[in-house]
Amino acid sequence: MSGNTFGSHFKVMTYGESHGRAIGVVIDGCPAGLTVKQEEIQVDLDRRRPGQSAIVTQRKEGDHVEILSGVFEGRSTGTPISMIIYNQDQRSKDYGHIAEKYRPSHADFTYQEKFGHRDYRGGGRSSARETAARVAAGAIAKALLKTQGIQVFGYVSQVGHLKLDKSHTEIDRHIIEENVIRCPDAELARQMEAFIREVRKDGDTVGGVVTGVVTGCPVGLGAPAFDKLHADLGKAMLSINACKGFEYGSGFQGVTWRGSRHNDIFEKIGDKIVTTTNHSGGIQGGISNGMDIYFRVAFKPVATIMQSQPSVDQSGKETTVDGKGRHDPCVVPRAVAIVEAMAALVLADHLLRSRSDKI
Amino acid sequence: MSGNTFGSHFKVMTYGESHGRAIGVVIDGCPAGLTVKQEEIQVDLDRRRPGQSAIVTQRKEGDHVEILSGVFEGRSTGTPISMIIYNQDQRSKDYGHIAEKYRPSHADFTYQEKFGHRDYRGGGRSSARETAARVAAGAIAKALLKTQGIQVFGYVSQVGHLKLDKSHTEIDRHIIEENVIRCPDAELARQMEAFIREVRKDGDTVGGVVTGVVTGCPVGLGAPAFDKLHADLGKAMLSINACKGFEYGSGFQGVTWRGSRHNDIFEKIGDKIVTTTNHSGGIQGGISNGMDIYFRVAFKPVATIMQSQPSVDQSGKETTVDGKGRHDPCVVPRAVAIVEAMAALVLADHLLRSRSDKI
Amino acid sequence: MSGNTFGSHFKVMTYGESHGRAIGVVIDGCPAGLTVKQEEIQVDLDRRRPGQSAIVTQRKEGDHVEILSGVFEGRSTGTPISMIIYNQDQRSKDYGHIAEKYRPSHADFTYQEKFGHRDYRGGGRSSARETAARVAAGAIAKALLKTQGIQVFGYVSQVGHLKLDKSHTEIDRHIIEENVIRCPDAELARQMEAFIREVRKDGDTVGGVVTGVVTGCPVGLGAPAFDKLHADLGKAMLSINACKGFEYGSGFQGVTWRGSRHNDIFEKIGDKIVTTTNHSGGIQGGISNGMDIYFRVAFKPVATIMQSQPSVDQSGKETTVDGKGRHDPCVVPRAVAIVEAMAALVLADHLLRSRSDKI
Amino acid sequence: MSGNTFGSHFKVMTYGESHGRAIGVVIDGCPAGLTVKQEEIQVDLDRRRPGQSAIVTQRKEGDHVEILSGVFEGRSTGTPISMIIYNQDQRSKDYGHIAEKYRPSHADFTYQEKFGHRDYRGGGRSSARETAARVAAGAIAKALLKTQGIQVFGYVSQVGHLKLDKSHTEIDRHIIEENVIRCPDAELARQMEAFIREVRKDGDTVGGVVTGVVTGCPVGLGAPAFDKLHADLGKAMLSINACKGFEYGSGFQGVTWRGSRHNDIFEKIGDKIVTTTNHSGGIQGGISNGMDIYFRVAFKPVATIMQSQPSVDQSGKETTVDGKGRHDPCVVPRAVAIVEAMAALVLADHLLRSRSDKI
């Protein structure tokens, strides 16, 4: 039931199917007085958009966003901000061949069993198209965060076995948008691009990792017990299509260290208390400590491949699924904008929550 | 603000500080008619309890649970189930020496900054003692799941560099509770235990990984978009103290595979549709597909070490933190019960949610 | 903050300003498999619509609803149902004269103070136009309830001093829609209509009462403690613009009775346990008992009058507000559809909630 | 399902049965730094407590509250505040005679049908004993409100037909606690007391009205659309046992007025914008306007009467229910503290919510 609502204070509800009339989002809880620019939202949508480069899907979705409410004379009014993106590419015939078939590692089977009835066109609600609505909402969250000096950015740090071996403090973030991969290392980006082209030639796909970073975060965001900041970030990332894992700070590698190496020592520099190392990933006890927050998000290879695969149909009969259509050989270049959006939604939510910390 | 409530349908609220009067939990949303046995809850609490073996903290917490409401004549009544565990070990003097000091990689600094006022005794609310309340609630969630044939179990699959190289389908789950590590490989368990003793001798700590498994899960738990089953599991795990990462199914490793290898092929066996492999980890499109759900949870080395560390105090002045008290050199043996409890809470919640899937 | 979301299981979020681009609603939590017909939704919207009769506002709002998502091949899919109504009547000039003035007993002052910035056109978000979105969502809730034999209807039982002195069991509900007042007594309806015309001639307005009735409700809807069925109904009604009071069953009059008269005696008729009287209004201990649920909702006279009134502007300077535009002299005839919609939303929510009552 | 949680920001969860081990409440969301005094909480509990005067039930419940968590060195820490009241009066034998019988106008029947299993002792969870937990939480909400100059008080304004004909601005609130009725008119209080004694002599009960007042409320509390301040107040009041109606400002009487009389004219006095009349009851468009908030809450006659009444038992067989035990002939004197508590919870919630109104 439900599941389409995110956040408690900066609350968003998304809707829409891949090949339905429109997708969209309503934000309930954006404070009044925020400058909202449609063109800024469009910038992030264009970073997520299909067809933006030669190595992503060539589906033609303009993803033009329209603001329907909640903004008056350029500023938010404190009432719900509704944004809509009409679907342009409603070619249902592309999907007729899989109406009754269960595509391997897709949500066809689970949606059918759960709901007994599903919109099979392009995956319907389970399509990653839904994330465009998140990106639109995330752009507004970013604008809110910016008023407090908080910035969110992401980049591709791994494609298949090709892995960036620099930390987020060692890269130049201005390079990120200069290549189609969104990897902040030009040479590695070239290798990744070549690899993705090769994989695509085989009719196959490959996974990757997006690193997310938050700078300028004040001390105190996040909550005790269940709503730890990294727990909410983790849920946010894991809710993105194709995500298989999340780690922050030292992550899975930290498991092998000893406490004496892992602990971040406090010191005072100027009038600020900081840590000399940052294995904590900017979060201690679930609450931001003012250092950079950084995390890694694992994406599996896209399930739609341009190969023939055995499967079953709704009646359980054996069948074959043939890859068709225009799909991504690797999602991570486009996922960067989604990772940023979800991080921004979490931080905006906790920013508002933190206003009730003290009397 | 808040953060101490978990779940939307099987909702729990926990409370209590490490050295306060009591800790506890209230469950709002447990259906009526469930047989609830205090002794079954106690079994899980004893698996999380300090002092249960030579390699865990020797703090003396009996962790005796008392049911205050919501159960009548042995069965749940549909009204809130309140459970309380009174604290026995309230030796405040143990902690006086760190009242104003910020222990490295603890929550002292962030709580102080966030709230401006904190219970410094034993970490107060940020202490992992809070998780006893979760284990109590989880035991009731487990009982609810059992009525539907769903089982949850966990085990230690890594301590430092010592890593179990079997999947959950290759182990004998009945061995788990036969050693103090809770590792389903007797020989590896011995090595892990020896390693933990060595680490402790150095006054140090080490991290580890707990693997969680859910069997017997029906098709259809989880929700589209934000409340994907693995997203809620991920949040649940990441909300456990010291957790640094979560992955399910193929996880971070799946990143390096190609789609043609990663995809799980459907087939019909008897009257059930299953997958021949299970890289999806039992969840597709965020919804359970009837296969085993499995995931890995990374825990960092415990921050409290028996060594002297530089730090600052509340006023920012340099100081030294000396390790004292009775702490775990490695949390994972005790974390198994917590991982199970949190998984059970998520599944119970989605089990109830799924009752509204269809008209 | 927020406030635009209603319900926990059958959850709706509404958006839109009176003179913005569009208003709309997203339903998150409607079970799959429900037959949804746009024309049925339109029927209720037309009952709420301005311009439907000579005694309501003559504003020209077609209130044409469009379903954007969540319905496929005529049935709900379990994913969010998004409905939009584009605003046709965006004549901003009508409202320019009150951009800086605070209209008496309107929300201009409170919105301005709360948010520091407001859409002053036609009251913006505070306009009762927002309730069209509720009516659209309520129509789907009604369809869901109908599958369980639950019906919701309302009628006007008072206009000014003119009061229907029959209970809901004594009226013929089929007469309701036969007069423009929606009063189930033809003669009284005529008097009410004449009175409203007279009031309008004076440039004035008058209040009224809508009675709501739920038939066919099963035993068991509603929850202990805070979410008593009548508490949620009360909130729902009081959230409708201009509502000043809510009572159910014996209501305020029951205050004067003795318990021996007020108590509803149980008896068994056939295989059903019923009560001989129904002063409880179909709800006991906050939970439906299977008898008719009935309640009364008080609406104050509309604040916009066609008279000149003293006031202040945003700077606090004295000014005069002159009534202009096309407004209702009495809201209750159009409020009937809104009362029904809100009742249906509450009942649909509790219907789904009740599915978790027992294991 | 559930229903035992109230509020979104200042969130409370209550638990406990009339004759169980204990009742209690956990507050998740009280800001840190609030001075919390157990004795202040006790004052309000004593105002709700049975046995406090000759005209209320003589059950012996000390209602001693204990704070278990969330308060350290006299101030809230921002973590959950848990409060418990152990039940002293667990004389189950008093209730054995009604274990299988459905008492008229009680919740026995509806709970049994809803949950299939119930704690029949003293009404279990449906007993008004649950409201003691609300009063404890409300006392802390009051303390929070007081830091902002907001005060909440209530008084009895009607018992049966005896009705106070003064508005809240015409009474002397200091007289309220000087008589056992809590009516701010000494002479009327005497009449009410005599009437209640007479009713009790007949083995009967009678209803009444409590008026609630909030002073010092800043402009801006409440939210658009569904969470209007009076809607949340209404739900809060209607959730109190035996409540049948709620009205605020002009209420049901305002229905008969014309708009020209009902509208509250704005004027500027000093640097404040106020209204010359206050028919709006301090709330416009669902948002507080800085004037006094006032409302009336209707309570039906207590269902337990000292007379013999026909009924049925669980199997539907005819039986007789005989009044026994120690019950209130009229609840309103004790309900004053509950009305205040619920109002305080609503206002504290909206006070915190309003912190996110603007960027």
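Read from first to last, the chains carry the letters A, B, C and D; within each, the first residue is number 1.
Here is the rule we use: a contact is a pair of C-beta atoms (placed from the backbone, for glycine too) under 8 Å apart; a residue touches a chain by one contact, two chains touch by 3 or more.
Note that the coordinates shown come from a computational prediction; the quantities given were computed from them, not determined experimentally.
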Set of chains whose contacts include both subunit D and subunit C: A, B
Same-residue or different-residue interface between subunit A and subunit B, half as cut-off: same
Rounded Å distance, subunit A centre to subunit D centre (Cα mean): 46
Centroid distance [mean C-alpha coordinates] between subunit B and subunit A, Å: 26
Between subunit A and subunit C, centroid-to-centroid distance (C-alpha), Å: 39
Multi-chain contact sites of subunit A, meaning residues that touch two or more partners: 1-5, 9, 14, 29, 31-33, 76, 78-79, 114-116, 125, 224, 352, 355-358
Subunit B-facing residues of subunit D, complex: 1-5, 9, 11, 13-17, 20-24, 26, 28-29, 31-33, 66-70, 72-73, 75-82, 84, 114-119, 124-125, 352
In the complex with subunit B, residue positions of subunit C that touch it: 8-9, 29, 31-34, 76, 78-79, 144, 147, 224, 352, 355-359
Subunit B-touching residues of subunit A, taken from the complex the two chains share: 1-6, 14, 102, 104-107, 109-111, 113-116, 125-126, 130, 158, 160-161, 199, 202, 204-209, 219-220, 222-228, 230-232, 234-236, 238-239, 241, 244-252, 254-260, 262-268, 271, 273, 275, 279-281, 284-289, 296, 298-305, 307, 309-312, 316-318, 353-358
